[in-house]
């Protein structure tokens, strides 16, 4: 058992507790409040004067799959041999020894959703994992956690421009994506009727098989889109097929905010600090997240690690506040909102009794540029402790 | 409610009303005429005797698919990796924030048919849209599927045969591909209707179903007379609806086209003979079509010619023999008929969309510009 | 001799006047309220407008031919970014249909210029739109300048594997060769007899200031780079296209740099053409920049040049000023202000009779006259 | 004349002034202090509760020539993957209308040194400019300010064509050869032999004559050591750009008086040669006595977030005053323009920022940016009122 005492607790859900205590047992938060009784055998961490928040959740990071400090040898996020590869699984490409996991822990990031890259229209399944461990299977919270898809420049650059293959245009991308969805739907329908005794089952197809949960709305399609029209295309196709879906990046979201609000689309916004590496992210800045937040669109921030190093996720939220975002909302956008985006809010993202004991003790205001994660705890275990 | 009074109204149906008024509400035209009673609650715009025409209709443009002033990243006109891509739709490539739309408004164009390019034999679905920029393309759409873009002549054989060493290499090759896919679509339709279990979903054939069912036309890019005749031959053989796009050498076969009532979108007549098949490009075809009674309209093929010059093109056609009335009709009502949206736009009539332009001079004078452009009853552009 | 009577004369260099025009020996002999000798053949203008011949000051007619493919494309010698030794006269085909269209449209002179793929692309010439098989018979001035280019085109053609690959590369290539040419010139002058070098020979008139370097530039910073380079080497120079020149209108006006603006009718086909249109040209004109208007034929067909001037009128220029940008200003841009571009005694007899207002796109050139000879007649005049 | 009154001023080269006054006339600072008399005719601007620091100086940037969503058409940073392109000049690639200059003003960066890219062993001339203006030539603060060099992965990554370097030793050899030829060229000129003009060698000669330094891109510690070795051997002035592994050999760099341009900040370890990247780099270098300038390498760190980068450096051990200096006076000195910018002192250009509070916090956004006394950005503009 572990007790964090005398803490300025910011649970994200519910009011802050000044001078509070959090009790952790079996990897879960078992008590939290002003004065819960601390068992005598508990290991005590004194957080006097320091802020404690839930562990930070990064909703879209290629950690472990696009490794730091390596060339093509560590690059395993884009299977660029075919624009439609739903049968890829990010879990099979993750190296838990990627040094970025350590940086994440040092920065207070305890959970990450890891999707494949965006070179492919349909890239494969994402997973959500804890940022500590040696064996990826032991780190998993949710797998699969959505199917990665992409619109806009990346697929048409990877195929049309570099390989003279489809897709070469945005409409080509949309058509291919639709085709994949239609084909999977037909496959799923046939299989279903065969199971009901009507006709033969279709012959096995790995891609269609992987798409079945998507087409049935059981798993979200997570669609990479920057430009406003790409965002709209993503919504158009998803609504057409009645999919569960999220949008990733949403760089020009400010222009279509009412559409996103109308459909209550979950958006992971970022990497907002990125440079203008391509035409479609020309307008990246904090207008999109501010507009989405104001309109009540469910949104969270992402660094798209390693595009911006994941450790700068809290700093991103801080800059958003300097642009005018409400502080609580900004903090929520890197904790609970990210957890909701990733589909794991039942376990992480806020400090509540019964939730995973993922928390961070900060040296100061967690969103300020100069603040450290002094202690990072995942599943009740201290995974980082800053040496002062 | 908005009322414009004291205008020199060209209704687009051949009628001219001087000192006329027009009333609109909820995006629709309530009434047009001289001496209308203007309700007291209406906002009034005094045209001071200026020309008022229907909003112009561009029957063939690529706006939104090729962003102005951007490189390959914003170029989504041609899915040129395969000569047969009927399953793509212009709707999915349109960037409603393309500055090209401003060109349309600057030229008094309120509706446009947006098409995929002509690199492919079967290029994808076309859409009809309003040009007032909205946050999403979907909100600009009048009709999300106005036809299937097709192409004959030089472009497909250059984009595939010459550049990538694959079919089509020749005009006969293009024709064969078009025929093949239309036959297969017909077959697919039959089998799907019979629920043949051996025939699975096919995105390309699926996209061709509206064509073979006769619901939407093939819109066939063709310049040379022989390409136009090939287009007609194939379309009639398969018994599908069709229109001809560009029809550059149409003056050579105007009688033949008139006899069949073939709809043609003519242009861009202000361009040059940029390739061999454009020989004779100019206003002779418009004049011949007017004379023979071919149902035609004029187009800029934006961005080949900037859309803002559509009314200048109409003026030039008028001078070349079309006459003012025919010229104006060919960029308004006839263009709307070509696209299949004449029930809503193209003329100033009660019940139609309130799309119109107040000009600072004769609209057929290229130097005139819109003083105000109105779409769905709202002023969306103001000029000098 | 030929006389045009009952004309509404727009001489450009002076106010419009009703009267007659007497042409003799290829030049204008008398103008205005004059008596026409009885034996002179007469064209009755029937109160139509008569202007000087229209001039396309930056064009590729004859070099990028109409209606054919690569076979007729001789505008860019894209084998090397430095080709000052090639000459437009060796590539221009008098049989290009464009010249026929020019005559029909009242375009009587044009400056034929190599393309913009190369940093220095070759020697230019000014030609009359005469019907002949011999380009030499069309020539008014040769060389009329040396073509150069900055911005996207050269770096797109040669980069990224070869220089120039960037804008600074563009400048460096030009700087390098101009420096070499200066050194070559110095050696020749000092009598040290350097080895013959055709490229450097061709650059001598440029570095000596004998012919202008005509520098293709769209974006504002490319315009500035052009000026920086030209001033560094004290060149005679002009700027071509100047799409974003309105952002630097005061600078251009102050330095009195000749600018050929256009093609303003074309859409923003490249990144560097953002903001293209007639408003910018009008802004430059208002600021006092020495501009003429060009269609960069065939980018926009030269025959639409009067319509383009009409758009300039729509953007706020007076009709006379707009007409001036495609006549006298164009002639001056090409260095032929003393011979072409206006109806004045002693100037070349290049004259057009119009069916209506020449800047109205619906008007036709009813009669086109070059060097006193009728080269095109339409309708009743045919 | 204007009097900016009531703020806390950080002049950088002298002690902070609480509730101070700064007088500005004709674009210059004419007085600063606590007890400065405000002339009667001065327009007084009340900045009570605000903080004023000098305009930031970014000593390694590609603003105006690269990135910001313009695509291929505006990629003007690296002149072909040839090894030596010393003849090019960054000024010829810079577009004053590029959105990145607006970003500079938003981010409080008032002076920048603009470099060619690091694709080539010798990449071309750098220059320094103010970040406002229509005509780049009028924006120049100093030109040229150096010749760009590069070691490590970048020059060999372009390894196509027969003459490109394929190895680190190849790159070093090319640089040695280049300067040897420049020296020979210079000798010929001195002896009146009048060699054919060679712009690349002319620029090499400027370095050899000590007119401008060689500014060498190097990440890995061995590349940094190579830079030092080469430049000492050639007897030329130099500094190290990026200096990612610098903290690993900090005492060595201090001993050699190497100026380190550290950055870009907030980036990840995207290639092998930055595998040892550590946020403590700037602090450890400073601690060892190395002069440190923080740089954005814009577009690689968006210049709008330069101040946040300062915060991160401070977080990892760089003292407040060292951080401030590393964003202002140190880069001004490295560029050679410290007589005009980099600190708030009489006689210097009135380039300064008004902040909402103490620097390096999200709570202290830039409220106003001034260049030569002119307000070139105000936060209200960005937020739309």
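The chains carry the letters A, B, C and D, assigned in the order they are written, with residues numbered from 1 in each.
Everything below uses one rule, namely that a residue touches a chain if its C-beta (ideal position, glycine included) is under 8 Å from a C-beta of that chain, and two chains touch if they have at least 3 such contacts.
Since the structure is predicted, the reported quantities are computational estimates derived from the model, not experimental observations.
J.: Looking only at C-beta pairs in contact, point me to the busier pair out of A-B and B-D.
T.: Taking the two pairs in turn, the one with more contacts turns out to be A-B.
J.: Measuring centre to centre with CA averages, how many angstrom lie between chain C and chain D?
T.: 44
J.: I'd like to verify one number: the distance from the centre of chain B to the centre of chain D, where each centre is the average of its C-alpha atoms, in whole angstrom.
T.: Each chain reduced to its C-alpha mean, chain B and chain D end up 53 Å apart.
J.: Report, in whole Å, the distance between the mean C-alpha point of chain A and the mean C-alpha point of chain C.
T.: 59
J.: Name the residues of chain C that each touch 2 or more other chains.
T.: 270-271
J.: Would you give the residues of chain B that are in contact with at least 2 other chains, written as numbers and ranges?
T.: In chain B, 70-73 touch at least two other chains.
J.: Hey, what residues on chain A touch two or more of the other chains?
T.: 278-280, in rising order.
J.: Under the stated touch criterion, can you name all the chain pairs that qualify?
T.: Touching chain pairs, listed by label, come out as A-B, A-D, B-C, B-D, C-D.
J.: Given the complex with chain A, which residues does chain D contribute to the contact?
T.: It is residues 67-71, 266-272, 274-277, 298-302, 304-305, 308, 310-312, 314-315, 360-365, 383 of chain D that touch chain A.
J.: Considering only the defined contacts, which chain B positions touch chain C in the complex?
T.: So the residues of chain B touching chain C come out as 68-71, 99-100, 103, 270-276, 278-279, 302-303, 305-306, 309, 312, 315-316, 318-319, 364-369.
J.: Which stretch or stretches of chain C touch chain B in the complex?
T.: 66-69, 97-98, 265-271, 273-274, 297-298, 301, 304, 307, 310-311, 313-314, 359-364
J.: Taking the touch rule as given, give the residues of chain C at its contact with chain D in the complex, in rising order.
T.: 152, 155-156, 159-172, 175-176, 179-180, 182-183, 187, 219-221, 224-225, 228, 244, 247-248, 251, 270-272
J.: Enumerate the contact residues on chain B facing chain A in the complex.
T.: 64-65, 70-82, 85, 87-97, 116, 124, 135-138, 164, 197, 200-201, 203, 206
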